[in-house]
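These are the structures, in structure tokens.
Presented sequentially are two complexes of chain A, the first with chain B as partner and the second with chain C.
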Partner chain A sequence: MKFIWETLHLWILLTLIIAGGVGFVFVQQQLVPETYGDLQGRYGPYRAAALDELKLQPEGSIRFIADNVCHECHESVHEERAEAKHITVSCVHCHGHATEHVQLAKAAVGNENAVIPVAHIWDDESDGNATMAAAFAKHDLLTTEHKTVCLSCHERVVGMPEDFQSIITVVGHVDNHLEEQGADEPLAFNTCFECHSGHDTAP
Partner chain B sequence: MNQDFPILNIVGSDSGCGSGSGCGSQSNSDSGCGSGCGCSSGPGVDSGLVEGLSEAEFLNSRRKFLEQASSVMLGAVSVTLLSGAAVENESSSDADLADANEANGEKPPVYAFLVDTEKCTGAGKCLTACREENNVPEGYARTWVERYIHLKDGTVIVDKVPETGYVDENKDTYKPEDVERSYFVPKLCNHCEDAPCNQVCPTHASITSPEGVELVDPDLCIGCSYCVQACPYGVRFINPETNNADKCTWCYHRITKGEQPACVEACPTGARSFGRLDDPNSEVRKILDAMPSSVLKEHLGTHPKLHYIGGLPKEVV
Partner chain C sequence: MEEVPFIFPSDEHTAWSIMIVLYPYITGLVAGAFVVSALYHVFHKEELKPVARLALVTSFCFAAFATVPLLLHLHHPERCFQVMITPSTTSAIAGFGFIYNAYMLILVVEIWLVFRPTIAYRAKSHDGIVGMIYWCLALGCTNISERAKAVDDWMIKALSVIGIPVACVLHGYVGFLFGAVKANPWWSTALMPIIFLMSAIVSGIAALILLYLFISKRRGVAADPKCVASMARYLWLFLVMAVTLEGMEILHMAYEAGSEWEVLHELITVHLFTSYIVIQVLIGSLIPLLLLPVAFLPKIATKPKLLYTVSGIASVLILIQVFAMRWNVVMGGQMFSKSFRGFTEIDLHWYTRESPYVAAVVMVLPLIALWVASKLLPLWQESEA
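Presenting the complex of A and B:
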């Protein structure tokens, strides 16, 4: 007892050191995120769980609909487009992003009573002079015969590669082409679709 | 004053009051260590001596203390070492697992992104696809397409392709007869092998996935924007909705499910392609093997994984 009493100051010091060490380990365990350091990156450890979270972004789903998803249900369109020149142009470029449409369609599999909303028809009468961007932002799924869906690629622009220009100038500049074909002035919103169909665009 | 020193030294051999001044007046007391001497410690004046403990006993108690303390410390050290050894065992089993995965052909894939500027027509389909896919706020972009216009008078103009292409209110105003040559250059994150953005991150939120994709951990990012400044390609921005650093992830959520990034899927002319470098049959690998290609700012030594087919004009940086 006497010994303890005599060296008390040293025991206090030792206790403080040990308590400090335990406290440090405890605080570190509280502050370091879970799975931190499970993976080593190029510049040190990181939180491994972040990878799984990022795999689920955004909101756990793939939003941009690839053509093969559309073709799962719309087989006839696939057949129609298979040989067409515009097979590389994605469905969503003319029909809107269709994210909601696909979600509803997937949920409706095996449910006979399910109702999938029909596509909005974008035409000049109902939408005024809305731009393509405005129409696409407003509607998840649309069908249209509006000329701007064609002109977003076929309007000749400075900077287009020459071979692409040569493709579109087979018929001359789009303005010349329209003049040649005797299109009415001012152009109707569905001018292109008077001769070309949407899916197989050969005249 | 001078006479006082020997007395002091007899009472406490190492009293610590060697300077003499200020101690002399109290040196006649028994303890020899009165207030104001500043000699609160030191074996020579230990209270043990006052209580009649012999020097041998005192030394013995010190030895006892040291023995006990050292045994406690040894215990602590050995516990630490043991736990360290356990961690080492774990990590070595991880390494075994990695080796086993390699043997099974489950090595993380190596990706590369390929851009063919000759094919880009400036339709802007990739831009809308990226914004839709990744919820990018208006006014910011994870990928963009630059248009370089070399006018006949020698000036070079660079502008950005509007998201819907050059239609409606964005109709192109340059006349082909004024232009010497012109081309589009799509830009996105280079996913550098030696990424400067990753090096400067103070919270380890900028990470390189096992596939070599540069990502941002939304939980750890504090939005300090060091990485935004560090990126030599200007691909990062602070997302005003999340206040985190945001960047192209090559659509990490898509490629890990075997899909293509949204911009690649959206491009109507195949100007963008994405694939595995470790698969000799992949399209990207075949093209990179067969054709010359270049990267942006090669002199910085960042080793980008975004390749441009053919040489880029010197104006493109």
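Presenting the complex of A and C:
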């Protein structure tokens, strides 16, 4: 008894620490969001309900639209590309994120008077010689035959897998490939389209 | 064959700013200062008694601000509690909140026990609001009988003993965060936690020497030459270990000459030339290594002027060395591309909340806290009687 009295301050401290610990666990339990970790085994630690919430978001707020959404209305393009190797390349790579386009087009279904804005055409002169990144950031929907779009994937760079279908370019944009194939206007911005097309790219 | 320099797009920007340099620097000072206090409390190095309390409180003051650089770095600092509310068991960073809090708890309790006699005494001798504050600090229990003091002393010792591994874990863990990044050869080494720990102890001792010399001067009291000499000797010892480990690490990589050495070699000799070779190795390590043995001279305690000058200069250089070391680790690891074929420039974020100006302010905060603490509690044992 005497010992406890002499060390009373330590017992008070211990009580405080335990109370603090219990308090922390209590508050922590309250703050853990519902459904957190429910899918632990499959997807790791996060809120399972977040998946459903994302699905419910209005379409316009989603930045990336999958190809099958475009296919709903552009079935012919789907067919064109079905056999081509480019089937793995998403529409958004060449046409911009097209979120507004999809919204407007969906709203226009069954509405005779609705106008769907035409796609912006990006070429060498448009947008004051804007870069590819700038053009794609600025326009919701665009069509382009600009070679930089093709070269953004097909220019051979260090570290690219050997067997990836790429072409070697030389500084100054006179491409080896163009010389070999005998392009008429190797310096034109749309030179690739002399021989390839946008959807079925096989020459 | 001359290879084309090439960096991956994701390597272009150095996301980790000077704040991430500051974080291991400050936690290092925390762990280092604690080790000095433990040398007195656990290993009974009586000559360190004059700085034992200063060491504890310094450790606390720096620990109190250890998270500030991290919070400044975060874009959503308000989410910091998430790592403790929903910790991921496989995430290395999730451990920090728990380790940090465990260390803080031990430190606060130990400081409280060390200063309890003073707090209890003042709670009894002061009236009004001041008395109330001290009474609350004493947790309402002002018993300072011999028996109570004996138990407290035992507790202080026990906490110091527990505190050493926890302080080591705290800082070793910071090293682990870097050492466990296997994609980055400049970081990925099992030696990283030990290297961080050694340089932490080095920086802690150096900071204490400077603080002790500076505060003694301000108070107009002569610093205890025996104490300074002892700290300088420990400083030398730990510096030898730190520098050896840092050197071995590089030597090891150079001798193995793996594919990554190509890029690391250029990193060290070109891109980090000033901060690594000149500042960290030549100025920050070599000169103190040559200066500090003065403290081993047999009659050094009778020549305090020489001792203070030498250990003061060495300490300043060492604090710079350790900062350079943190800088070289954090920034160096981001300067080369993971393609191992190209380098990027460091972005100092001059006009953001992560700028070097803000970093300077963050470094001053613990010192202000120390000044406030020195007003509240007697850091000097002689003045207590």
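Basically, the second predicted complex is superposed on the first by the 127 of 203 C-alpha atoms of A that agree within 3 Å, B and C clash if a C-alpha of one lies under 4 Å from a C-alpha of the other, contacts with A are read in each partner's own complex, and residues count from 1 in each chain.
Note that a residue touches a chain if its C-beta (ideal position, glycine included) is under 8 Å from a C-beta of that chain, and two chains touch if they have at least 3 such contacts.
Being a predicted model, the structure only gives us computed values, none of them experimental.
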Key: First, second, both or neither for A:L8, with chain B first and chain C second   = second
Task = Quick one: classify A:P45 as touching chain B (first), chain C (second), both or neither.
result = both
Request  = Applying the touch criterion given at the start, work out whether A:D123 contacts chain B, chain C, both or neither, answering first, second, both or neither.
outcome  = neither
Task = Have a look at where A:E80 lands relative to chain B and chain C in the superposition and call it first, second, both or neither.
result = neither
Ask   = Just chain B (first), just chain C (second), both, or neither: which does A:L31 touch?
value = second
Ask   = According to the contact criterion defined above, which of chain B and chain C contacts more residues of chain A?
value = B
Task = Based on the superposed arrangement, let me know which partner A:L16 touches: chain B (first), chain C (second), both, or neither?
result = second
Inquiry  = In the overlaid three-chain picture, which partner chain does A:D200 touch, first (chain B) or second (chain C), both, or neither?
reply    = neither
Message = By the touch definition at the top of the document, which applies to A:E100: first (chain B), second (chain C), both, or neither?
response = neither
Task = May I ask you to decide whether A:C153 touches chain B, chain C, both, or neither, giving the answer as first, second, both or neither?
result = first
Ask   = Which parts of chain A are in contact with chain B and also with chain C?
value = 6-7, 10, 33, 36, 44-45, 157-159
Complex contacts: residues of chain A adjacent to chain B = 3, 6-7, 10, 14, 18, 21, 33, 36, 39, 41-47, 50-51, 53-59, 62-64, 66, 86, 88-90, 92-93, 97, 99, 131-133, 136, 148, 151-153, 155-161, 163-164
Contact footprint of chain A on chain B as seen in their complex = 48, 61-62, 64-65, 69, 72, 76, 118-125, 128-129, 132-135, 147-149, 163-169, 171-172, 174-176, 179, 182-184, 193-195, 198-199, 201, 204-205, 207-210, 215, 217-220, 249, 252-254, 256-257, 259-260, 262, 265-266, 268-270
Note = The chain C residues in contact with chain A across the complex are 3-4, 6, 81, 84-86, 88, 105, 109, 112, 116, 138-141, 143, 145, 147-148, 151-152, 155, 339, 341
Task = Under the touch definition given earlier, write down the residues of chain A that touch chain C in their complex.
result = 5-10, 12-13, 16-17, 28, 31-33, 36-37, 44-45, 157-159
